[in-house]
Amino acid sequence: MAVLTRGADALPGSALDFRTGDWRDQRPIHRHRPAPCHHACPAGEDPQAYIARLDEGNPRAAWEALIAANPLPAITGRVCHHPCEDDCNRGQFDQAIAIHEIERFLGDAAIREDWPYPVPELADDAPEVAVVGAGPAGLSAAYHLRRLGHRVALYDRYGEAGGMLALAIPGYRLPRAVREAEIDRLLATGIDFHRHQVLGRDVYLDDLGRRHGAVFLAPGCHRPREWSVDGARPDDARDGLGLLKEWLNVGVTPAPGKRVVVQGGGNTGVDIARVLRFSGAGEVHLVTASALPDDESAPPEDRMSAIPREVAQARDEGVIIHPHHTLTRLILREGRVVGVEIAALRKLDGDDGHRRRVAFEGTETVIAADEVVPAIGEIVDPLGIEALIGRERYLRADAWGRLAEALGVFAGGDALGQAGTVTAAIGDGHRAAEAIARHIRHEPESVLGGGEPVAFDDLNRHYFDRAPRQKATVLPVAERDGTTEIERGLGHERVAAEARRCFSCGDCLACDNCWTLCPDLAVLKTRAATADGGSYVFDYDYCKGCGLCAEECPSGYIAMIEEPTAT
Amino acid sequence: MKTATEGSQAIAQAVTMCRPQVVAAYPITPQTHIVERIAKLVADGQAACEMVSVESEFSAASVVLGAAAAGSRAYTATASQGVLLMSEVLYNIAGLRLPLVLTCANRAVGAPINIWNDHQDSMAVRDAGWVQIYCTDNQDAVDTTIQAFRVAERLELPVMVCVDGFILTHLFEAIDLPTQAEVDGFLPPYRFSRALDPASPRTLGTLVTPAYFAETRHALDAAHGRALGEIAGAADAWSAISGRESAGPLRVVGDEQARIGVLTLGSVFGTLLEARDEMPELGPLRLMALRVFRPFPVEALKAACAGLSDLVVLERALSPGGGAIVGTEVRAALSEMATPPRVHAFAAGLGGRDIPLSLLPRLVAAAGAETPTRFAIIDVDLDKLAPEDR
Amino acid sequence: MIEVRIHGRGGQGNVVAAYLLAAAVIRGGYHAQAFPAFGAERRGAPVVAFVRCRERPILRRSAVERPNFAIVQDPALLRLDATLAGLRDDGALLLNAGREAAWNGTSAAARWVGLPATAIAEETIGRPIPNTPLLAAFLTLTGLVPLDALTAVIDERFDAAKAAANRRAVAEAAARVDEGAWADLIHEKQADRVRETTGQGR
Amino acid sequence: MPTATPTATELRRHQPRFVGLDSGHRACQGCGEALAARLVTEAIGPDAIIANATGCLEVFTTPWPNSAWRLPWIHSVFENVAAVAAGVEAALKVQGRATKVVAFAGDGGTFDIGFQALSGMIERGHDVLYVCFDNEAYMNTGIQRSSSTPHAASTTTSPVGRMREGKRHLKKDVLAIVAAHHLPYAATATVAYPRDLEAKVRRAVTTEGPTFLQVHSPCPLGWGHDGALTIAVARLAVETGFFPVIEIERGRVTAVLPIREKKPVVDYFRLQTRFRHLLGDDPQAVEERAHLQALADHNIETYGLMAAHSSPRDTVGLATVHRGGTGGGIA
């Protein structure tokens, strides 16, 4: 029993004996939720996480957080169409964070500083996996398998790794040096790379299956689609990808002085058109059934799939684009093209629910041309996997890359005929690697998905000030030669400034708001990484559950949950 | 060495000799001469204290409260309405157990407004928890003021020194003022055990629930129980230094044989003493001055009344509807005696009405009455009242 | 017991006069007390102060009802009944007569003395403050205590210059009255006890 | 890699801030006054003595034997805190100690019952920082109107009825009255802008002589809003111009907290039941809304509260957060 003090005086801080936590009917918790950028990334990157490390002044930790998902940031930072930026919450506030610039900066830094990929020592009895195809999907799978402690045998039909990165992406977008440096560093993690190995000619699937715990197929798409306009086809027709490969690897100048029409609004089409300009083509037209990337009037799925800034650059370079048009007729003289007839076109909903392409009679126009180059995509070369692909154009696999037809055989990348982007392929490789690891350890399959991303309205925007997005400098049109990189990236300063703009959606910004605003001093600051990864802990002995901290958390990282009845 | 001086000046001298560090006051008749004098001594550099001239008695009490809590010896003085304006803070000071000394230049309380002497003001706060000492003359006022600081600081209880307004505060006569050395030897520097200090950050003035409030009140009452001993001790110690008689809680003058006693408070005691000397025909009398009213000195009172058949209590205040204040308490205390004297309770000298020597015979006569007077204002003139008001 | 009542006007230093007299008397070996008639009077209003003295200590705190002496600082106050009320038939009155014709006494006091105190003050002190000359005259007439008791008190109370001026006033006033003219009243009063204490004749 | 997280008890000892008001106090959930007092004492630092008037703050921090204070603290009565503080200051002055004296009171203890003592304290030039936690009514006794209660706000003694739309009178401009004492520094602040508040406290405690701070402190109970919205409500009071945040030195306005994006007063009212009756379409409600909007606009005009362009210390810039926060070294 307390003994009364003279004058009923009390000792400092003695109220700590009184636990106001008993008053609570709800409690704050730190709840990490995927940032929209994380949610949107086909490669499974968590930009919010690595931007946070960078903002903390630790670029290497940022790079390591980044390559935990994507081992090729220097490459994707340049060639990815970054859907992360489309979904960035900051886009609704002022402008999205230039995530691809940060990714590229980190990738380049790793190459410059030669930061090693963190991979474990290989155990003598490490399981071995065969990976067919050294494109983005194959490289990603190989790397992640290696990270998970597997021996990897990587096969490719070409002399160098990279797949489409090496074959079809011009140097002005992805300099050869960057591509080679990053891929070589990746292979150097201890991946056995077997060059010039064509599946079905030098190596055989059943044989690989026998010798390895699992096989990952990422053959890509190398056979051009059948192409004709109304059944007509010039005798000297060249397919777009082939032309691009030729120009990139053999250096053939495809069309000096010619007037060329390119068909197809994907990245390949745009690159072909630009390459033709760089190699001196007189006039280059690009005909696409889609709308321009910046055409707000058209639904996103109707817009050109090429990266918007690439399209813009192409037009700067003089490529004439005919959106919402299609080739209706080839004008041939002795089997050679002298012109094409194009007509306006729209994609409309058909009775069967499918969208159909409708060319409108009376809108026909003729363009004089010396050559028509189709860039309408490619399909899988079935050599060596005939049994798996049958009559199909592509392989069919589930989200983990598993093929229904063959246990222990997985697939990913363009060969699945889906998004057909570099980052999607890297994501395929990553997921398949994890699935393969579980397959080898006979573990049950796990489920995908990281929960709902943080919405714009989940943020307390009072705590953010407007700040413009950093823009990279671009090589002037006059100085572009087809090999010199056009985009120059952001320097350290401007990348840091960009990182500071991040809302840190769904993660702790360590801004001190909760610590500063708790009327009950029930939020304590700590240096030691907490169980939930935050910089603060809630002292439930005193927290009354008012919810002020959650309300004022700028990044939506604090949630109020009903107080558990039993503790 | 005796100095001819005014009561207020003497009290001011005594106060400054006690080296208060903070003095706060608001002017009110008849207290003004005391604080004016202290202000002048400060202005002349003869007293090293912070003189805070506040905007009300309420703040005066509050300022000295804060100063005492912060570890400084503090003093204030007031009267009449000023005491009542302070009253909330006076309770608070006692409840916080802060040692303070306050001089009350006793004055009537309006309405009707009246600047002259009686004891209604200090009596109105008799339950505030303060020690209350009523001085019989200015020498007593000087000696008591000095002792009050020691008593207050030892007990951590506030002390109110009551001095009759005008009658003493404005009375010019010869007084024995101590030397600074004598006072310093008697009164050690103020050390407050619970002072506000960042080095040991205490919380003063907490909220106390029913679970402990009764205990706080018991503790306050118990402190008053110990106060009588402290007061006597201080009086003896001071007497040893001053050479003057040690004034106990009760001053008793008169012979053992006396059957009639007269008890009063304050300056009227001297008048009664002279009246007794001038009128031997009144027979043996025992005259008492109740110096310490809080704590109420029951035992001393009982002892002083031994052998009395009648005790007349003469006071300068009343509780309308209740009658005597001191008289009632005396009656209650004496009822503990085996053969208590009859108690006759009177008020007189209200609002400055003169109490002449000739009042004594009337008091003695009253003592002989058939039935004791429970209470009456002995010098009231009913002819001055409308019949319905008599 | 000797009781003196000093009459003046608020602001004339009436209370000071009482305190000075008491201080001087104490210095002369008597017990004394002085006090004003406590009132709410303001500057200019008639005021009174009292002085009591005797050889034995004075304990009473009661009012002075029947003074032996009245000292009146302003002749105009004589128009008020209160000014001479209670003054003993065998008492005496000291009057600041001013420059003009002296006042023709009344039955109120058996004896009276007039003194142009204001004029003396103006000459000696340079200000019309009649109290010092009046006190000097009172002590000279009664011989209650020697004059130097008063001058000593004056020296205590005032700075050198003021004190010197007041001393001149004391000397001037003393020279204007008959020394010991009221001495008999003092002895008489010392002997007489009964009337005083029983308050007969009120 | 998550290392072992230290226990809360260990962490409390190593927080990188001074704690003047600790946990375990019994304020309501989301109490604006508790937060304000916490922030103010943190900014004052350890070398101070606090005098506290009667009120919620006093009651919920010191139910014996528990005290939530870590600074020397004294409570006397309701209306005398300024005088008690003055007494403490006088004592320290004589003792030659430099410890800062601070007075805490609510709006009742400041605008109303304690005003005389406050005026006297300032007039006498005591070196005291007086902090008024303004929650615009007598909350401790159950939400009765004070002279700080805004016009038309509903309280138990200014209720809404057929004949009345809440408080009939205006909020007293106590800052102007205080400023009329010509004191060195007087300012308003709010819990919605902690950095501004702390800066003003530091400014005040380092100023010699009397200083005055009026801190707008929402009361979830008395204003009728969710405790989680305490900051949101306080922020709107500023963004609408309803509560101007200004600094006055020697009677002259020397600085204001500019509003970047002005909000209509109804945005402020919507969050609080004390103004609920003003949201209807009945003529009185419409008129009172217009009246209150006019009052807010008048504040904005009088003090020039609209930010010309985005200034780093306007209602947006001042609240901007960054990774790593403001809390200095981490425990």
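Letters A, B, C and D mark the chains as written, and numbering starts fresh at 1 in each.
Assume a residue touches a chain if its C-beta (ideal position, glycine included) is under 8 Å from a C-beta of that chain, and two chains touch if they have at least 3 such contacts.
Remember, it's a predicted structure, so these values are computed and weren't measured experimentally.
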Pick the chain whose C-alpha centre of mass, unweighted, sits closest to the average of all protein C-alpha coordinates shown. D
Would you say A-D or A-B is joined by more C-beta pairs in contact? A-D
Geometric centre distance via CA averages, chain B-chain A, whole Å: 92
Rounded Å distance, chain A centre to chain D centre (Cα mean): 50
Approximately how many whole Å separate the CA-defined centres of chain A and chain C? 115
Per the centroid of Cα atoms for each chain, what is the distance between chain B and chain C, given in Å? 34
Mind pulling the chain A residues that touch 2 or more other chains? 2, 8, 10-12
By the touch definition above, chain B meets two or more other chains at residues 96, 201-206, 208, 212
Throw together a list of every chain pair that touches. A-B, A-D, B-C, B-D
Okay, in this complex, where on chain D does chain B touch? 46-49, 51-52, 58-59, 62-65, 67, 69-77, 79-80, 82-95, 99, 116-117, 119-120, 123-124
Show me the residue ranges of chain B that touch chain A in the complex, using the header's touch definition. 95-98, 156, 194, 201-206, 208, 212, 215-216, 219
Which part of chain C faces chain B closely enough to touch in the complex? 18-19, 22-23, 26-27, 31-36, 38, 40, 58-63, 65, 153, 193, 197-199
Can you check the complex and tell me which residues of chain B touch chain D? 21-22, 24, 48-50, 52-56, 58-72, 74, 88-89, 92, 96, 196-198, 200-209, 212
Can you check the complex and tell me which residues of chain A touch chain D? 2, 5, 8, 10-20, 23, 52, 55-56, 462-466, 500, 504, 509-513, 515-522, 524-531, 533, 535, 537, 539-542, 544-548, 550-552, 554, 560
